[in-house]
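Sending over a structure as structure tokens; questions will come in a sec.
Naming follows writing order (A, B, C, D and E), and every chain is counted from residue 1.
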Amino acid sequence: MQLARVIGSMVSTRKCDRLEGLKLLVAVPIDMDTFREKGSPFITVDTVGAGEGEIVMWAGGSSSRQTDLTTNKPVDSSIVGIVDFVDIEGKRVYSKGQET
Amino acid sequence: MQLARVIGSMVSTRKCDRLEGLKLLVAVPIDMDTFREKGSPFITVDTVGAGEGEIVMWAGGSSSRQTDLTTNKPVDSSIVGIVDFVDIEGKRVYSKGQET
Amino acid sequence: MQLARVIGSMVSTRKCDRLEGLKLLVAVPIDMDTFREKGSPFITVDTVGAGEGEIVMWAGGSSSRQTDLTTNKPVDSSIVGIVDFVDIEGKRVYSKGQET
Amino acid sequence: MQLARVIGSMVSTRKCDRLEGLKLLVAVPIDMDTFREKGSPFITVDTVGAGEGEIVMWAGGSSSRQTDLTTNKPVDSSIVGIVDFVDIEGKRVYSKGQET
Amino acid sequence: MQLARVIGSMVSTRKCDRLEGLKLLVAVPIDMDTFREKGSPFITVDTVGAGEGEIVMWAGGSSSRQTDLTTNKPVDSSIVGIVDFVDIEGKRVYSKGQET
């Protein structure tokens, strides 16, 4: 899985029926070397109540459909967790609410 | 999922039977940092009645087969929504029909 | 899906039983911006009777197994159509048999 | 599959129910040409009791769900083995516990 | 599918039960433009009795699990054929046992 920051949302009224009711968010990849944004934004489905600005974990491909909300739906990216802490080599490199 | 702009169409008469009746479109990726085209065009299946020039959301891989039209068909990209609005960090960065 | 040009073929006698009888072709990606070859050749399974020199559409990953010929076989790329026409922004950019 | 070194861990309390109880680790890709780290860290699920500093083999995509721990869970990367030896062209290029 | 040359092997004693008995090889991608190695080595499962030095065809992702040996196993790359000949534009560009 990869980390990303939620930066926005998308609205589509004419869409595949199976997508009805799903919250479509815009996220941008977070590089875990620097915890900065790196790469182009993408569309992902929220399954955990993520809010704008939060750093989240997302799963891609068929794995993104392994949630109750996304089963059999044409989504290839889902947010599956909100990140509280990341520790690398014994150091806390990220702690939710304490970003600088 | 990713955004793309529909720029054309493709016709194939000698093709896998299961593709009969599907509308094959040409789309080009849209970078959400700039909302400009970025990258090479690709072929995608229309499942929502997308028209040329429209910005659409597409799903890839096995996810592109999770629509009534594409189930069990050899497609690895499907258009699953037409984009109305995209908001990033509180600003409306895209609104259908108001592109500049 | 992506376009490619068939440029050759491959023979393997010691192979997975399930691949028996499949025609393994060599294809090279076609960039739809220029309709020229771009990138490295790859191996793909012919499901439509494609011949050398033809521009074809291929599907990748699990999607390549959604044909009668390739079901449950260890293939990750299949040719699923021979391209007749490609129109981009109202112009016919490719027409089979009229390449220059 | 690819090799990676375990360098840390991640905690998420608000997450997809199906992820409960899984150990989420941070790993960084190992280039087998040099056995050095190369590329950005990522999140992966431990299925074998891997510890920080160990070089592991991981599987991605739907393959990462083919373990008893990860079946039907929204994970797209799983650690499936701890590497003891790697031999390339007759030379032992990696031996666990004897890294320099 | 892609070509690769087998250059070594890997041993893992602490691994997912389902991987027991599978032969894990190290392979390096072969660029079909030049038939030289290009890119970083990776781990792949042998399903055809491939030996070191041989050029093989491998399938990735869920396709790598479509063999009797790899069904339901956490592998994302399998060798599914040993290459005898490759012909490109009417010329034999590779013939097993006659490499220079």
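In the analysis below, a residue touches a chain if its C-beta (ideal position, glycine included) is under 8 Å from a C-beta of that chain, and two chains touch if they have at least 3 such contacts.
Bear in mind that the values here come from a model prediction, so they are computed numbers and not experimental data.
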Touch-network distance, chain B to chain D, counted in steps: 2
Averaged-CA centre spacing for the pair chain C and chain B, given as whole angstrom: 21
Separation of mean Cα positions, chain E and chain B [Å, integer]: 34
Touching two or more other chains - residues of chain C: 61-62, 64-65
Cyclic chain order when read starting with chain D and heading to chain E: D, E, C, B, A
Touch list for chain A against partner chain B, complex: 7-19, 24, 26, 40-44, 52, 61-62, 64-65, 72-77
Partner chain D, residues of chain A touching it in the complex: 1-3, 31-33, 38, 47-49, 57, 59-68, 78, 80-89, 93
